[in-house]
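Dropping the structures in below, format is structure tokens.
Consider the two complexes below, in which chain A is the common component and chain B and chain C are the respective partners.
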Partner chain A sequence: MHKLGRGHRDKVQQFMAITGSSEKAAVQALKASDWHLEGAFDIFYSQPHIRTVTDSRHLEELYNRYKDPYVDMILVDGITLLCNDLQVDPQDIVMLVVSWHMKAATMCEFSRQEFIGGLQYLGIDTIEKFRDKLSYMRSELKDEQKFREIYNFAFGWAKEKGQKSLALDTAIGMWQLLFAERHWPLVDHWCQFLQVRHNKAISRDTWSQLLEFAKTVDLQLSNYDEEGAWPYLIDEFVEYLTENGIVQRPQN
Partner chain B sequence: MGKIVDLEEGLELVQKGITKLTNILEGRAEPSFITDECMMLYTTIFNIASRNHPQDHSQLLYDKYRELLEEYLTSEALPALSEKHDEVMLLELVHRWKNYKVMVRWLTHFFFYINRYYIPRRSLTPLAEVGLNCFRQLVYQVLKDKVRDAVISLINRERDGEQVDKTLLKNVLNIFVEIGSGKTHYYETDFEAHMLRETSTYYSQKASIWIVEDSCPDYMFKAEECLKREKDRALHYLHEISEPKLLQKVEDELLSPYTNQLLENETSGCHVLIRDNKVDDLSRMCRLFYKIASGMNLISEIIKQQVTAELTVLMKQAEDAASNKKPEKKDEIGLQELVLVRSVIELNAKYLAFSNDCFQNNSPLRKPLKEVFEVFCNKGFSGNSCVELLATFCDHTLKKGATKNSSEAVEDTIEKTVKLLAYVNDKDLFAEIHRKKLARRLLFNRSAHDDYERSMLKKLEQQFGWQVTWKMEGMVTDMTLAREIQSSFEEYLKSNRQENPGTDLSVTVLTTRFWPGYKSHDFNLPSELIKCVQAFKIFYETTYRRKLTWLYSLGSCNINAKFGERTIELIVTTHQAAVLMLFNSADRLGYSEIKSQLAMTDDEVTRLLHSLSCARYKILNKEPNSQSISRTDYFEFNSEFTEAMKRIKIPPPPVDERNKVIQDVDKGREYAIDAAIVRIMKNRKVIVYQQLVVECMEHLNHVFKPDIKAIKKRIEALITREYLERDQKNPSIFRYLA
Partner chain C sequence: MSAQKKRNFKIEAFKHRVELDPNYAERTWRVLEHAIHEIYNHNASGLSFEELYRNAYNMVLHKYGEKLYSGLVNTMTGHLKEIARSIEAAQGGFFLEELNVKWGDHNKALQMIRDILMYMDRTFVPSNHKTPVHELGLNLWRDNIIHSSKIQTRLLDMLLDLIHRERTGEVINRGLMRNITKMLMDLGSSVYQEDFEKPFLGVSASFYSVESQQLIECCDCGEYLRKAERRLNEEIERVSHYLDVKSEVKITSVVEGEMIANHMQRLVHMENSGLVSMLVDDKYEDLSRMYNLFRRVPDGLSTIKDVMTSHLRETGKQLVSDPEKLKDPVDFVQHLLDEKDKYDKIIRKAFNNDKTFQNALNSSFEYFINLNNRSPEFISLYVDDKLRKGLKGVSEEDVEVVLDKVMMLFRYLQEKDVFEKYYKQHLAKRLLSGKSVSDDTERSMIVKLKTECGYQFTSKLEGMFTDMKTSIDTMQGFYSSQYSEIGDGPTLAVQVLTTGSWPTQPSAPCNLPAEILVICEKFRTFYLGTHTGRRLTWQTNMGTADIKATFGKGQKHELNVSTYQMCILMLYNSTDQLTYREIEQATEIPPSDLKRCLQSLACVKGKNVLRKEPMSKDIAEDDAFYFNDKFMSKFFKVKIGTVAAQKESEPEKQETRQRVEEDRKPQIEAAIVRIMKSRRVLDHNTIVTEVTSQLQSRFLPNPVIIKKRIESLIEREFLERDKADRKLYRYLA
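And then the complex of A and B:
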């Protein structure tokens, strides 16, 4: 520690506080990332054997703070309280990332296993650590691969238990949220199209393929193959866009 | 090994031998060789050439061999040939060649030793080949043009009708081949090429004369004759490689340049032959132009035009007749539509027959015919779809009394109708409508004969597959079984008089899964009918132990109505009977009373009351006396009703089943597409989207043409139901989930 410069020492301390790791691990990770904190986090968390030991007593305490008085689950009230403690809006997309880490089955509730297991995985056992971790979690949305996983996770999480499809309103809400993070210019047209022409629940297949569509098809739809395997709803969306002159497809 | 032979001596001996041979070949008086002489010649050569000799004269001998042959040719063959011409020359040539071959053979025997030992050692040309080369150089190359011209001139004379010596020609042309050691190089260059050119010239001249003088059929007849003769020619004396080239030339001169002129000839061309039904001429036309693409295309076009024209005429006739229909009957399918269908099936049959006569299987005419009739079969006519027209036509054909024709005529009609149905895209829709009509025929005893129904179903099965017809087969069988059950019931009633409900009852028991879906709502039956139902129920359920669902909507009732002094028998539906019988215990009933007593829906009550009070036979009087039923109306039995007949049928309220049929068919298609997709996926396990769509369409094409969008939707439904999934990496690939 004494060999390090002052700036680096601060970073080590910060790192240890957030991740709960040992000094050695902290220095290792920071050196490997050329003393960038964000990068160091990534490195640290992708190395499973440097898993921090969380204090299970703390975790129990945390869980009990938020758990519902009658059911062994954290429900809406508990989540509101949690968000308060975290100083985060419950509608904030970071809560989706949290849920993803916890592998939560349904929105607005966490089971004991999900909550505690999730926090253990993240190496969090106090609210402060939790709060500190939020910026990292936000940054995960910028990663292509992780965004896709979170996006696809969102479908199962947002739909009603026992239903196979996602209600249209909920789907639209989720899309607005998700595509605010990863900008897709056609999202509003898509939502409008669905309300006007479809007005029914969304299937998982349509949900997941929409992301592919947003990623791969350009805004002139010039590389859209109508004979391809796109879900029919997306075919109809393309028709809708061309019919209403929203997009001029280049004639070829 | 024998004495050393002096070279000069030896050569002299050989010369003598050759001279002897020559004489024999030339037919001069000379005794044949005896074995000793041959041996001697052989040995002589052996001695000269063998290693035992102090000097090796093999090369000398080799050259001598050639010299001897050249001498023979120059002194004997060439002079004989050069003074002759034409056919005589050809004869001489054949003779000379034959002799020469013998000469070569003998000499090669004599010079065997050289051939066997010296030549291989020095890699020299073998003796036989040397012999061939000599003839080629000295005789063939000199005479080949003369020979060629002589042959061609004979060929042309044969073409003009003379008899020529075919064997001679064959032998001459063989020389051309043999001279190339069996390869056809010389034949092709020195003879065939010229012959083909001459052939073109010859036929080009003929064609230009015939095309002016002859009608199309006559010209074609001549053309076919020419082709036949050239074929024979090739068979008899040309080399086999010439045949296709020769025939091609003939076609190129006689047919290709005049294709359009012949086919489109105003007075005797293709469309005239079709119109006048000249099958032989048309067959010939097809045979001749089969290989000529532009010809077949033109024939197809003309046929298409002809058929389209005839179809248009038929349709116009029907339209004109239809425009005279009464407005309320506008949408009904009437006589003129049936006539149209009849004409169209006859038209199709005529052209199919003609197509088969010309071509048997794989007729190139099938496609144009298909195109024309497909258009007709998949659009509508005066408000009805073709599918409905055809189904109604079938109904008409299979009904009792509709046709007083013989069974052959009926079978013939059935056969032709099914042939036309092959062009219909929505075959499943046709089948469903046919099934509904079949049900009505069977249930109301209007079918002409079970045999015709089965015959039709058999043909449909062959066309569309058993999936489409098995239910209908079941329906026909059901009727026979139902009759048996009815007889048993009647027997049962005879032996159990106490069970008799007091009303004559006839029940038809149907196996549910075969028949179209019929709604069966319970309603309040009159007590007399309840007794009937009970009686049968007891009988049936004890004997057969199956659950019965009663379809009152299909029932009919013969009910006696007393109008003053007169009794008239009314034939009504069960529902209508229920309404009427209410008036046995009440003189006047309001709408709502009727409805509650019967426990039916408003829709049903309205239609029933309409049929009894506002239609042709007013059995009930309605207050107020308007043409539509309202909930405030009152009804009375019309005792003033009169009618000349003793028995009348009150038409039941009309039911529009059209939408329901289409709904049922659409639902059926969804299942069919699902089943096809699952079957394909089970088979393939992994498949690309486009391939899946293609195979799906192949699976279903014989019943209907699936919409690609519909297939896509079903794929997605199956994904949701977890029968398949998209591949993680490539979303155009699907995997089967067991």
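And then the complex of A and C:
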């Protein structure tokens, strides 16, 4: 906020007061409207994820419906029930997006704070509203920036509590899921390579750098730079692809 | 005296011009002209210098300088033309002589004429910008004689012909040559250069081109170089005798160009006589000659150096990859040392200790020594061999020399940390088996390593020596404390080793015989009494024992065996026969060690204190071992099984290498952290370069390993990738 000029700051505050939005949303809307308040209101209200006021009582009810009888958390059974209610497969990637919104710490469980806080942010207080929001959440995966955030979030979420790295099987499963949304043709080779040559857990750095790799390096690997400070696993993957003739790298 | 009447003397110029008789000038000139003729006709003695001078003086004074001067020119020219004709008429060899004589005459005449005309030379000539008399005389000579069409070519041809003859072995009149060339020089450097030197150089170039072609076809390299050197010296001598000294560098460069530069490659690569065979056969004289000749031409020395380098690398590579040579490590290293000595000698004796050659030698050695990754191990084994027995009887200075030479090889190693590991192992074996030839030499070697690599390298090694010394003191203390209690029991000598300093050996304890256990316990109590808080573990895989044994016919022997072997043999105090399994059970010695011990006790001729059934070399579970009553040896003391440091077997080698690799990881990480701490943000390639340069005194880190270490540090949150540029890393405080 302190990066904005005085006039802008005032507008942001006004905007927030009127719409009840977050600072981030306010700045976003104002920037998009070139700092005209009226235009900003239009933009804001025409956006789907408008923050409506949620009924905290409903939220409590919802939470209690799914919460585990012995622990103050929603665990596997609760989630299964939730998915049922939403008419969604628990393996559906939209649940990952949901978890991301909730800033869930670990997969297959939600804390009270995570669940209620997340739904509040999304402006959901009933199952119907939740169901309606699902298609929107699916569409978020198409957004480059959000996909990256969700992808990177997935690492911390999918790994075991207290572990630094992600178990290989889980990682492969996540990659299959994620790269079904954002197509990367080499994903199967990657997973195969890992199973054959690496067979160990995946570090966070490797995880996040893989997305960069998938985004920047073309399928012929013609713009792959050996000096590019890629994690060594990725270097080995490139070797693997060339050795096995899967990719013919143009000789320079 | 009366005052003298003052007279007013005034000296005044003539108020009227003294008119000279217009014929006076002509008449005066005729006198002078006549004199010149006489001078040229060798009739000068009849002339009066004073009169002639006065005449010349008067002419100039009365403004007839121009007439005098032009008269001089004409007269001289006339004479010179005549002289030219007489020279032209000279036949054959007399041509040069005639020229020489006439030149001498002309100079003398010129001198006289100049003297006579001195006044004109000093006054009229400068103020009228005329050429002074002497110079005039030279120019006229040049124009009328040297550049006369009938003389010019003939003169040059004669000179060149004479030189050619001299080159082909004839003797010529050098004095005459000198005079002629001096004449040309006197006439002006451009005359010398244009009328002689340039053509001379051109002809010489063709001459040497032809000669070098002929020689290169029929001579071998050494011969050719000798001949080239001779020609070069000839030309230098020629110049000193009858050419202008400035010609020396020009003619030598012609010879160098034609004879050496143009054939450099062919000479160097000549089969059976070129550089390579000279190196192989230590032909110092030929090599020295080649060096001295080639250094005169551009790229000469670098050609020699390059061929030497590639030859050295090739032979070195063969040496380190030849399995025959690798069988005996000590031999292998000796070959390396010999090769180094050979080339040091060549560089010293033939290549003038040239530093660039020394550097080429060093880089070649560094190249091929590191081609074989067992070099560090082998060098350590060589030192082990020398420190163990090789240097007995050799003087101290010689010892130093050998060790210094080994240090030279050590410097070439890229993986010095591997050497350190082996050196430690070998040193431990030497110390513990008491096989080191001399404490001083051991120490001397450590000092050399310390000078080369720093304190860190040798601190543990020094710890080993300290332990040995301390153990002696400990033993003394032990025995004085046990004074009355020992009696007939076995005598113990313990070396207490500090764990960090000695090479780690995983040791599985075996079952010691009861007789030994007693005294061992006594020692343990004694030691821990004075050193509380320490833990002692018996290293049964490293000890030795002396046992007295009595055999079937009563023959007694003293056996020197390893601790393991002692445990095995002591079992035979209660029985004559045991199977492998029983021995294993009783002693709990690890199987691979047990098998080796049994093999040395039962399968080696002259040392078979046990008899094995079946007689095969391999040990099977059911094999039976009998006490060999019939054991015979000419020696009272029989040594069984203490093994000198050997080159490792494959699995051992793998293990050592693995340990080295493991040790390198923290070193690499420490270097990365150090660098990132001070630089804060760095890109990947710079980190790799910096790390490599920091560690190069110990080993050459693999960039892939460095990358892995960086990733490990990222995971442990020492570093992170920069959010904007993924190729940059940041230090996390």
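The rule we apply is simple: the second predicted complex is superposed on the first by the 202 of 252 C-alpha atoms of A that agree within 3 Å, B and C clash if a C-alpha of one lies under 4 Å from a C-alpha of the other, contacts with A are read in each partner's own complex, and residues count from 1 in each chain.
By definition in this document, a contact is a pair of C-beta atoms (placed from the backbone, for glycine too) under 8 Å apart; a residue touches a chain by one contact, two chains touch by 3 or more.
Because the structure is predicted, anything quoted here is derived from the model rather than measured.
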| item | value |
| --- | --- |
| Touching partner for A:203 - first (chain B), second (chain C), both, neither | both |
| Chain B/chain C common contact set on chain A | 164-165, 203-206, 209, 212, 227-229, 231-232, 235 |
| Complex contacts: residues of chain B adjacent to chain A | 689-690, 709, 712-713, 716, 719-720, 726, 731-732, 734 |
| Partner chain B, residues of chain A touching it in the complex | 164-165, 203-206, 208-209, 212, 227-229, 231-232, 235 |
| Chain C - residues contacting chain A, complex | 683-685, 704, 707-708, 711, 714-715, 721, 726-727, 729 |
| In the complex with chain C, residue positions of chain A that touch it | 164-165, 203-206, 209, 212, 227-229, 231-232, 235 |
